[in-house]
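Common to both upcoming complexes is chain A, partnered first by chain B, then by chain C.
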Partner chain A sequence: MTEQPLLSVRTLKKHYPIRQGILSRQVGAAKAVDGISFDIYRGETVGLVGESGCGKSTAATSIVRLEDPTDGEVVFNGGGREDKERNSDGTHPNDVTKFDKQELKAFRRDVQMVFQDPSSSFDPRMSVGSSVAEMLLVHGMTDKHRRRAIVEDLLERVGLSAEDYDRYPHEFSGGQKQRIALARALVLNPELLVADEPVSALDVSVQAEILSLISDLQAEFGLSLLLISHDMSVIRKVCDRVAVMYLGEIVEIGDTEAVFTNPQHPYTEALLSSIPTPDPRTRAEGIELTGTVPDPVNPPSGCRFHTRCHRVVQPEGLDVEQSVWRGLIDLRYRVKGGQIDVETLRENALAAESGDGDGVSDEAVTAEIRTEFDLPDRLSDPEADRALSEALDKLVDGDIEDAAELLDSTFSTPCEETTPDYTDHGDGHQSACIRHSDEIASAELAADDD
Partner chain B sequence: MSGRPLLEVENLRTTFRTDAGELVAVDGVGFTVEKGETVCIVGESGSGKTVATESVTRLVDTPPGTIKGTARLNGRDLLSMSDDELRSVRGNNIAHIFQNPQEAMNHCFSVGWQIVEALQAHQDVPDDEARARAVELLDRVGIANASARFDDYPHEFSGGQKQRVMIAMALVGNPDLLIADEPTTALDVTVQAQILRLLDDLQEEYGMGILLVTHDLGVVAEVADRIVVMYAGKVMERGGVFDIFERPAHPYTQALMRCLPNKGEETDGIPGRLPDPTDLPDGCRFAPRCEHAVGECEIGDQPEMVELTRDHEVSCVYYQQGYDSAVVRDESLEAEGSAGDAGVSDD
Partner chain C sequence: MATQRPDRFDQVDWDEVTESSGFSLTVNAKGLLATTIPLVGLAVYDWQVLDKRTPTFDALGWDFDVPGLDYLFAFTILLFVFYVALPLYQNPRMTRYYWKEFKRNRPAVVSLGWIAFVFVVGLIGPLFVAAPEQSVLHSYQPPMYLSVDTANAGTCLGETANGRCFGTWQYPLGTTRAGKGVFAGIVHGMTISMKIGFIATFIAVLFGTTFGTVSAYAGGWVDEILMRYVDIQASFPTLVFYLLIIYTFGGGLWLLILLLGIFSWEGMARYVRSKALSVTEEEYIKAVKVSGASSFRVVRRHMVPNTASSIITDTTLLIPGFLLAEAQLSFLGLGDPTVASWGQLIAAGRDALAFAPWIVLAPGLMLFLTILAFNFVGDALLDALNPEAAAEAER
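== the complex of A and B ==
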């Protein structure tokens, strides 16, 4: 299929400089969006999903140029710009990131956004009808009566009534305000709608109504839709394709059904399994993802998910239970970050012993650390256990640096060394995990065989 | 002799004086919470869940509110005790956590000192001891490196960590009852799972009763022992978690269940909206949205609770004598197992 996408996002980046000191020197950058690529075809709904802080909203605002991206391309082939060729210097005439003022104005008519909080997006002193009609005025429709007629018609199409034109925002519920926000987004007949968490602030029963309204309007207006949500069930309901974001990157993309029923990236897998199932007979069966999204100023090396991944790969020669391996890496990073609190652990051990008051042995403290990280008393791999014991002894002795170094050299993962490439799983379904690379995949198979 | 419940709420009625007249937010609500169990109150927003729980601990401002009825904790009525007694109960027996932890925190003080303050408000402990206990609590709720984070300010914590801190603060008095109002609604699913797990562990450890307010039936299925379904200030149905999920009796409960994926004849939301709480309909509050409503549904009061099985009760005329409850039963929801495609036909 050689159909041209309506929107092509290519290696888009948005870095926010971190400045410090009186001279405001740049000391780093938060890599909120760090090289994402995807397409949206006409009439298609693409979802962007991930935990808060992973860069979804920044992606949206950079795509519609509410913010200027740091790098990359956003090619918009709508608004009569179809079938343009690349310029001789390699740039694209439809690259939104290079649009001039006039092109941007047209673009802002063709691409509309809807936000999470419908309350804050309306001027409380203006009737909702005028708020919607204002869009028409800004874009040159001077005939007042025509504006009113168009808006009244649109209010009805989003499930309100023409009489609502003269009412004020506070007279509407959250769900109704979101309907009005949709009317306002559609009044200029856009080709693409970008909706950032459009139902997260609403009650579930209202959420479902707004989602089905969005689907209906999309069909009716022939819209393309980029839907951003942290809620997988919302994505599943409305999206044809979905891109899963983690720490500024897309880790998996594909048809929604394929991604949901056959997730290929461990992060997607973990996200899906965290959704509580509305069935009291299947409780707490999910993969528990520990910790939160790391700081985008210093993203982890290699695969950015390796600090939390339940499938993080073991180095050659090591073969311990996977949950133990995860615990070892967690321990290693906590020690490295100076985040092991030996004193509190000593107290915990003391409380557990509840014996004589005169302190606890170092062994009891190291045992407490093993418990804390769900490590067994003895690792199945003797060599690894020796290194672990030695590191824990150093730690309890207060020799944190040496402990960290020893853990670092013994318990490192290929996932922190290699930045995974995308692997194709067919039908445009791709994921970026080194477990899909040939070497690792065959090594894992071999390990499973013993 | 079976002991009395930890919390026993009877005939709770909370009204507010408003410009539009008297607003009835909670109207004759009753439920119990036993020691060590989790009871979930579910229903759409505006159905009175929050007001009901905040009436129990008298967090509702009076005026403009008026609270009537009884709410006995370990046999003592919270609604009629003196302010001093209540203060002591709030510090020692009941704790409350909310959807937005940042709103309940003081931004000007370090997180550790807020816990210390909560501790010292109820117990006479010296600073260093309170500090040690605060660190211990932070550690217990899963704040990594607790002693170093003691001096950090609320803005230095993520949403999930803030909720952990609120839980630590709630544990200060070793409460018998924890009331949690949408505690995970603002969080990511991954963090939600962590917090639910934490609450579950703490419940086991401390033996607390938990009263959880949520609109998320996935969360309910995960944690509830028993469920109270509220609508427009009234209890529509009460029952064990399996009663409600596998044998929902009330048309409103059924409508909620049908909003779930893979449940019966899946629908998109419940048409219509909650009645105006200053102008409530006669009869069953759900009648204006109920597909089964008949004339009798629109007269008199909310139908009396009918006990279907032990602990499973419903307020709907069709379960009263002289009516055929088969009319409102929805077998497609009762099908055991999950994704069955039974009953996907039109009536």
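== the complex of A and C ==
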């Protein structure tokens, strides 16, 4: 593309240090955002989607520099800063993360933000008009009447009346407050609007109104928009392009239509399957993600999604059913984390046997474990089955470490070893999944042929 | 202006606006400046031009001297007028709402009336009631309608019957051993109480609010340093320090007020900080930051007003503490004997409690009522000044 993007984010990172001890030594970091890159072109709407805790809000606050990013670059080419060349030392003159105080203040006029919670986004001790007008005052508009005229005009544009200027936030409903929040974000006439979950606190009917208001305003004033949401249906309605985030990384990015019709990353598939379909006759085959989002302090190695992925790749030489494989990986991580309590399982098994005799056989307990992880009594692969049985026996004997080691060595996946690169699927549609790398893809094809 | 400037947000020429931008003051700040500058001028004139004995308004032929402390007192009153009273007038809807909430508490309304009474009488009373003066002949005159054994009273001014001396209107509340009128003492004591209340509170609020909001907003090492300093100061033995200062420099009301103000705000700083911490997490603070506002603006315009409920309620608990502290120190003979405070009056009457209880009772009752009134008002303000609570109830 020859056109210069309005905003381009390059390997942006935001790590929160974790300090311990009296000397506050840094012992680690929560990698909330860990190297994301994307572009926003003029007039375009880009969605950033992901489940809660994946770092999308942190990405937003780092981009607008409410928080200073740890590393990376945010190049903003708006506000009369177009067509600048890179400096000789490789830094960009438009890099927001390196703006000084004066540049930052000018940048504040060009990029504004809408927040999630309408109930706390206005100072309860200020009339909403003053809250909006304060933006103008901060940037040096000392003429009180002019400020008021501008704000009153803007309040009418977002669907309120000029008389609302003097009312206080608690007198408005959530949807109205979000309209005022839009007015506040617009009043400095920005080029880019960052909307952090702008509708997630609202009723569905109000959501639609606010979204269409955003679209109208965007069309009228040529705004670019970065929309952050966990709701795929909102993204689909508004966005031109979408970036899917998981645990601080972008796993898939592309045109909304392409991503929605032809998701390449398993995580996107899972998110898409969570959209409810209005047709009662089509039964949703929801992909259920097992487990919780891993701790960003200590993210999984390789592909960060492999601990929950339903398409986690099997190692060479192993051939079991995919759901069984998923169960095996889950079992492995649970054993490793010491999260399997053999005693409790034994009691459960005892209860199932209706309390006959003075204990249950080890076989009953291993059977219990197998049921819990949806594993069949015998795996189709004899070698894997032998390893599994042995590991389970060790587990029941209380030898957790050996069991974990055995499981680790037998059931390791390529996903945890290689960090996937982005694969291009055409038209800027990219995804980071190891299954798209050549060798794995061909191996899978070969497996499908069988 | 030849052309009407466009009043639409997307037609603002920001280069022009930011270039032309100057310094703008609110009406409140202008008013405060306009009144404070003459005050400072007068103080400087009094201090530099006039010698110590000449009354301040001697040039106008008015024999009225302004003591040094009164400049500070006047300044705190101006602050009160322009930053408490005037904003209430400027935001009539908010004021009406607060008043409606405040009114629910009947004792608080009566208490507010009492405080207003003390304030007004303390402010203008001394212009009408002469300061109590020593007159040994008139010692232990009883209050009006009461009597005292003639053996105890000096020259009885009123009627004497059956060996008892009756009170007169010259001293409606009787006199002390030194013949100082108790009524005049109470009126002038109101002035002293108002001075203590206003000046010490101003100092305490200034420090407490600044420390509390700044440490909450800045966080990190700033927070750590400020709050550890507060801890150190809180463990400082103020009374011993005060005794030491009296011993070396001699006491004085201004010193007492200064020390009360400077060594009393630790609790307020902590209280304000805890409230301010929750305010910093609010999204409107982020929104203001995204607008590019300076930290000063965020703290001054958003943090302080939104912690105001904590500040004001804590203040209403501080003032009674100050009044009591002054009375206690005076009672112990550590106060300023030259000022006619309620505490001095109580101290003067303690030897004669057996036959002249009015000397202690009258100022004691005033002190009791005033402190009670502040507590009632503080309680009602806490309920009234919480729009968040009201907004949550509506949701």
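Definition applied: the second predicted complex is superposed on the first by the 445 of 450 C-alpha atoms of A that agree within 3 Å, B and C clash if a C-alpha of one lies under 4 Å from a C-alpha of the other, contacts with A are read in each partner's own complex, and residues count from 1 in each chain.
The rule we apply is simple: a residue touches a chain if its C-beta (ideal position, glycine included) is under 8 Å from a C-beta of that chain, and two chains touch if they have at least 3 such contacts.
Every value quoted in this text rests on a predicted model; they were computed, and no experiment measured them.
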item: Combined model on chain A: chain C and chain B, fit or clash; value: fit
item: Partner chain in contact with A:260 - chain B first, chain C second, else both or neither; value: neither
item: Partner chain(s) touched by A:52 [first = chain B, second = chain C, both, neither]; value: first
item: Touched partner set for A:206, first chain B, second chain C, both or neither; value: first
item: Chain B versus chain C as contact partner of A:233, first or second or both or neither; value: first
item: First (chain B), second (chain C), both or neither touched by A:341; value: first
item: Which superposed partner A:113 touches (first chain B, second chain C, both, neither); value: second
item: Vertex chain A; arms to chain B and chain C (CA centroids, nearest 10 degrees); value: 80
item: Contacts of A:189 with chain B and chain C, given as first, second, both or neither; value: second
item: Closest approach of chain C to chain B (Cα atoms, Å); value: 10
item: On chain A, positions contacted by chain B and by chain C; value: none
item: Chain A residues touching chain B - in the complex, by the definition given at the top; value: 51-53, 173, 203-209, 211-212, 230-233, 236-237, 270-271, 274-280, 282-284, 286, 288-290, 292, 334, 338-341, 343-344, 347-348
item: Sites on chain A touched by chain C in the complex; value: 61, 64, 66, 104-105, 108-109, 112-113, 115-117, 119-126, 131, 134-136, 138-142, 146, 149-151, 153-154, 166, 168-170, 181, 184, 186-189, 221
item: Contact footprint of chain A on chain C as seen in their complex; value: 5, 7-10, 12, 14, 17-18, 20-22, 24, 93-94, 282-284, 286-293, 297, 301-302, 305-306, 308, 387-388, 390-391, 394-395
item: Contact footprint of chain A on chain B as seen in their complex; value: 44-46, 132, 135-136, 139, 144-148, 158-161, 188-194, 196-197, 200, 215-222, 224, 241-242, 245-246, 256-257, 259-261, 263, 267-270, 273, 338
